[in-house]
Amino acid sequence: MTAFRPRDPASIGVAVLGAGRMGRTHLANLSAIPNANVLVVADADPDAAEAGRELVRAPRAVVEPREAIDEPGVEAVVIVTPTSTHAGLIDAALRAGKAVWTEKPIAQDLAETARIVDLWRETGLPVQVGFMRRFDPGYERAKRLIDQGELGRIEQFHAVGRDTYPPPVEFLRTAGGSFLDMTVHDLDLARFLVGEVEEIHAWAAVLFDERFAEADDFDTSVAMLRFRNGALGVIETSRHSAWGYDIRTEVAGALAKVVVDGGQKTPATIMRRFGFEGDLYETFPDRFEVAYRRELEAFFADLAAGRTPSPGPDDALETLRLAVAATRSWREGRPIRIDEVTA
Amino acid sequence: MTAFRPRDPASIGVAVLGAGRMGRTHLANLSAIPNANVLVVADADPDAAEAGRELVRAPRAVVEPREAIDEPGVEAVVIVTPTSTHAGLIDAALRAGKAVWTEKPIAQDLAETARIVDLWRETGLPVQVGFMRRFDPGYERAKRLIDQGELGRIEQFHAVGRDTYPPPVEFLRTAGGSFLDMTVHDLDLARFLVGEVEEIHAWAAVLFDERFAEADDFDTSVAMLRFRNGALGVIETSRHSAWGYDIRTEVAGALAKVVVDGGQKTPATIMRRFGFEGDLYETFPDRFEVAYRRELEAFFADLAAGRTPSPGPDDALETLRLAVAATRSWREGRPIRIDEVTA
Amino acid sequence: MTAFRPRDPASIGVAVLGAGRMGRTHLANLSAIPNANVLVVADADPDAAEAGRELVRAPRAVVEPREAIDEPGVEAVVIVTPTSTHAGLIDAALRAGKAVWTEKPIAQDLAETARIVDLWRETGLPVQVGFMRRFDPGYERAKRLIDQGELGRIEQFHAVGRDTYPPPVEFLRTAGGSFLDMTVHDLDLARFLVGEVEEIHAWAAVLFDERFAEADDFDTSVAMLRFRNGALGVIETSRHSAWGYDIRTEVAGALAKVVVDGGQKTPATIMRRFGFEGDLYETFPDRFEVAYRRELEAFFADLAAGRTPSPGPDDALETLRLAVAATRSWREGRPIRIDEVTA
Amino acid sequence: MTAFRPRDPASIGVAVLGAGRMGRTHLANLSAIPNANVLVVADADPDAAEAGRELVRAPRAVVEPREAIDEPGVEAVVIVTPTSTHAGLIDAALRAGKAVWTEKPIAQDLAETARIVDLWRETGLPVQVGFMRRFDPGYERAKRLIDQGELGRIEQFHAVGRDTYPPPVEFLRTAGGSFLDMTVHDLDLARFLVGEVEEIHAWAAVLFDERFAEADDFDTSVAMLRFRNGALGVIETSRHSAWGYDIRTEVAGALAKVVVDGGQKTPATIMRRFGFEGDLYETFPDRFEVAYRRELEAFFADLAAGRTPSPGPDDALETLRLAVAATRSWREGRPIRIDEVTA
């Protein structure tokens, strides 16, 4: 139970901060959520703010996010701004008594993230962080099977994550490195599906794109995880994939294993010349279209019901700790115990 | 090019007639279409009308559909009322100069359907009929491959359609028989993917639900089709399926074949005791969720661009003719040539 | 229990008649069956006979099949000669008191087949006919599931059969037509999996190869079946397939359905350019490699155990009756009741 | 080209050493290879030797392997005896001038293996080691695609290997540990598909079977590999699997990836209660049935053609070096460079 009570659970006033590409995705999804009533859209670019406003027929568009937070009637703030602004805006929204849904990460920095966790605990307000994969029907089903004991004791975890297209160079400089920017999704799945991690060892290399080397980053990595419950895991990450967005996760237990894999995208298979062919998801917005919708539906359903939404800032902090540990392991060339990684 | 020009292609006034289960599905989909501006929702049940209105935050709810058609600002009418009312409402909407999107069928009767086709031709107004499968990404891809000549000359067509749950008995009495109510979807695919049909022979039986016999109908059928281009086809229909909504369509040509099959629903596979398991679509709203969305998006995109939407009343008429031919073949125990079947 | 008792169940003397392509396949399979001891190989072509002999290191090769039947020590005769010789050789072998395994068909003629059935009944000797698909692990599993009641009452049957390459023209003239030569395999599966057939209606066409028209045959067909137990079925046949040997069979019941489909041949899948690709079986010897091995294993296991092997001449007769009915239906343009089709 | 010339390439005299479970599998496979002429079967257990002899109708059975090696007419020796005897028997066979096919490993010890490599180089005789997976059609296709450049530069490798049933305890004590006994197969694939390895880091745990702890071994492991060409890899190993023999290998390159995965075993899929089910391979003899056949076929084809068979003792030595490195990494808790691992 949270400290938050909407005035009308059937119509919660919302400010959306950020109306770029992902912002528009979230706006379109909000328009189909009956109890999310977008009152104001903010973006530093006034044209983007106005375009976002029109998309949901909201009453107002502004350039200043804090003005949107304070807009009368706003009870919940949805944050889709650049990463470096997340923590400051969460802070402002919580201090203004608003519920918060924010894109991940809270911050690239453990201390700053921990500060938000503390504020979240103090205020008792609902905060959900955008680890959308947890809301994919495939991952939800995997989680349910695991929680029901269908897999027995978990023994092994394997995740592969490959983005189709490497990011632009200006993004690379501010993304905090590929463990924080990309592997973090698989680390979150590791915690979600298996449990807390005790130790991590990561290797990385620049194999196809020298821009990563220039940004003191890498384009390809592998990591081993030792979980507190004894299970062992491996994660593979690549920043390009000629065959599309390639996400596959496998959890193996004593009784069964479950595999989550996007598989064929379009239900049409062609057969010719002694073979068959089908298509794959090209990008993450395609693959996780449903998950993006469902994470916001869950948030507003939780607000209406007075439930604490999840994953919260504590999850974001623990997952960030793993990404920082992986980065440190790579840089120092040795396994890192997670309890070494303190803010 | 149609005779219809919206006042503002970016905001087309819409009346939605019918706010039952499918009506609410279409209303939810309309709310995410930027240039569809629902002004009024009509339903004989005032509570349903009001609930529909709230879903899209429309200004008005009424019980009388003709009142909705005449509502100021309404340029397009979306018809989701009971089947027996379709033709009358299309007629009224066209005579009022409105564009029309209607659930299939126009009518269960060839003469009545032909009358609407004539009116549609006279008015030159856009009318789209709800054969949603044509908008499923799988069927769209199949159609594109065929049109591009990837399959070469088409030689064979196979369709199976099984509904999960038999309909309620009151529905059976008014549905016009299972060829008109269910097989019609596969007959539409036959025309869409292969071309016009010359002859049909159908067999049917009551194998599991005596209510169908009481309604002078059947629960299981097979049919053979001979297409004008020489291709041969078979269609299987069943009114129940213990394993979920079972739709599979295969088109075989001289160079390749294409198979459209819903396949696995949730991207999570469990492996245990020397086997693997995945889930299937339970019902058609699940399987064709995307198609329901896309058929309305296409309609409003066509209205905005001044294009004639498709499939139109002429498609509905020709497909109905096949369903009537199948019914007659079953009753008379002989193959029926389609050109025998006149209104 | 049969009238046949091998002198030594662990070493049964065998004559193989026919050492062409299929003959060599059967010889290779026989060489791995511990209790099949090939004593003589016969082929009209002495080089083929000698090559066959060497393949299994048999003591003797002959050109005259009846000489092989009478070879001392021969207790079982395996017949892989041209179709027109089957009945005569089965007759000779049975009259010599030998067990018989024969490629299908016994004869293309109902009267001749019925005559062999009578002789088989009189002699009480074991005769197995080469409907190899029954020994494919996929079809065996389907049969077992059906017999165990897992599917409930059977309601529908669908089979598609497409050969990769059309046969040479000299073969066409003697093959008895495509229903007898190709569809017969699917008709056998219909009987094996669902039960006896009451009525059949078939349509056919020449769509890609005029040689079939010249041979008074067709290259493409469809058929509807009505089973005695009420189930309805459809069969599709084509004499070419650009994507490989295409065999798929589906049995749908009240509780479940089972699909037998060769699927991917080689367990390697390649992913590139937003799609995946795998290979399919090119030809029937590939797809049914295991079935060809297992049908002979079963025969010799039955001989050793004194069991009656299956499918027997009675199965061959009933399946032939269906193929004749399909042919007659196609020629006469009407449904044919199976009890109309008498020798 | 090897120093070995069979007297008659169409009939090579063979001694088979070892007629236990795997020995009988190899004997059955040899019986279908036309130019492999088994002259003698040896097993310490005279009943096993005799049963093996009967299986292939060989002239002689003996208990002393060296007697079989020296049997007149024997040109090739197939070694399927317990692991500890391999090196000694290879040594004896080579010194007797025979070609050798041997089950892996040559020895569990680097020095002993290196000694055999030296002897092999000196004698110039053909020696093939039983890494059967290289002959699986799936792995062959993967290798061919990689060699043809279809994947572009290789960037990542992932292998999982899970045996269905843990071995008996007496086996554990002599198997050299799970990296040498099981992971070695995936290490061989890593070298076969990607290339030589530079560094390895392995973690392991006892999660389900304390007998492994008692044997100073583990039941579950993960490892990271850094290849000389820069690619990164991960390997997962488990000594049990409730869902069957679980082998999956993935090689990802700049242009494409290839996945080798056994997949569905029997081509029959059942659908019921909104789901589908198929079966998986229970054990490795099932999954690699074809590979076991083809590795011996390749050996005898190479002998007949005067080609050097592969994989040879040098492959066995390099792969063993990786398994020893993994073991050492696990024991010492640090990454091991492969060039540290000398005999």
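Details
The letters A, B, C and D name the chains in turn, as written, and every chain counts its residues from 1.
In this text, a contact is a pair of C-beta atoms (placed from the backbone, for glycine too) under 8 Å apart; a residue touches a chain by one contact, two chains touch by 3 or more.
What you are looking at is a predicted structure, and each value in this text was computed from that prediction instead of being measured.
Shared contact partners of chain C and chain D, listed by label: A, B.
Overlaying the C-alpha trace of chain A on that of chain D calls for a turn of 180°, given as a multiple of 5. Centroid distances built from C-alpha atoms place C farthest away from chain A. Inter-chain centre distance (chain B to chain C, centres taken as mean C-alpha positions): 43 Å.
Taking the mean of the C-alpha atoms as each chain's centre, chain B and chain D sit 57 Å apart. Chain D has residues 242-243, 246, 255-257, 264, 271-272, 279 in contact with two or more other chains.
By the touch criterion given at the top, residues 152-153, 155-156, 158, 160, 162, 201, 203-205, 207-208, 220-224, 226, 230-234, 236, 238, 240-243, 246, 250, 252, 254-257 of chain D touch chain A in their complex. On chain B, the positions that touch chain A within their shared complex are 28, 31-32, 34, 54-55, 136-139, 141-142, 145, 150, 255-272, 279. Listing the residues of chain D that touch chain B in their complex gives 242-244, 246, 264, 271-282.
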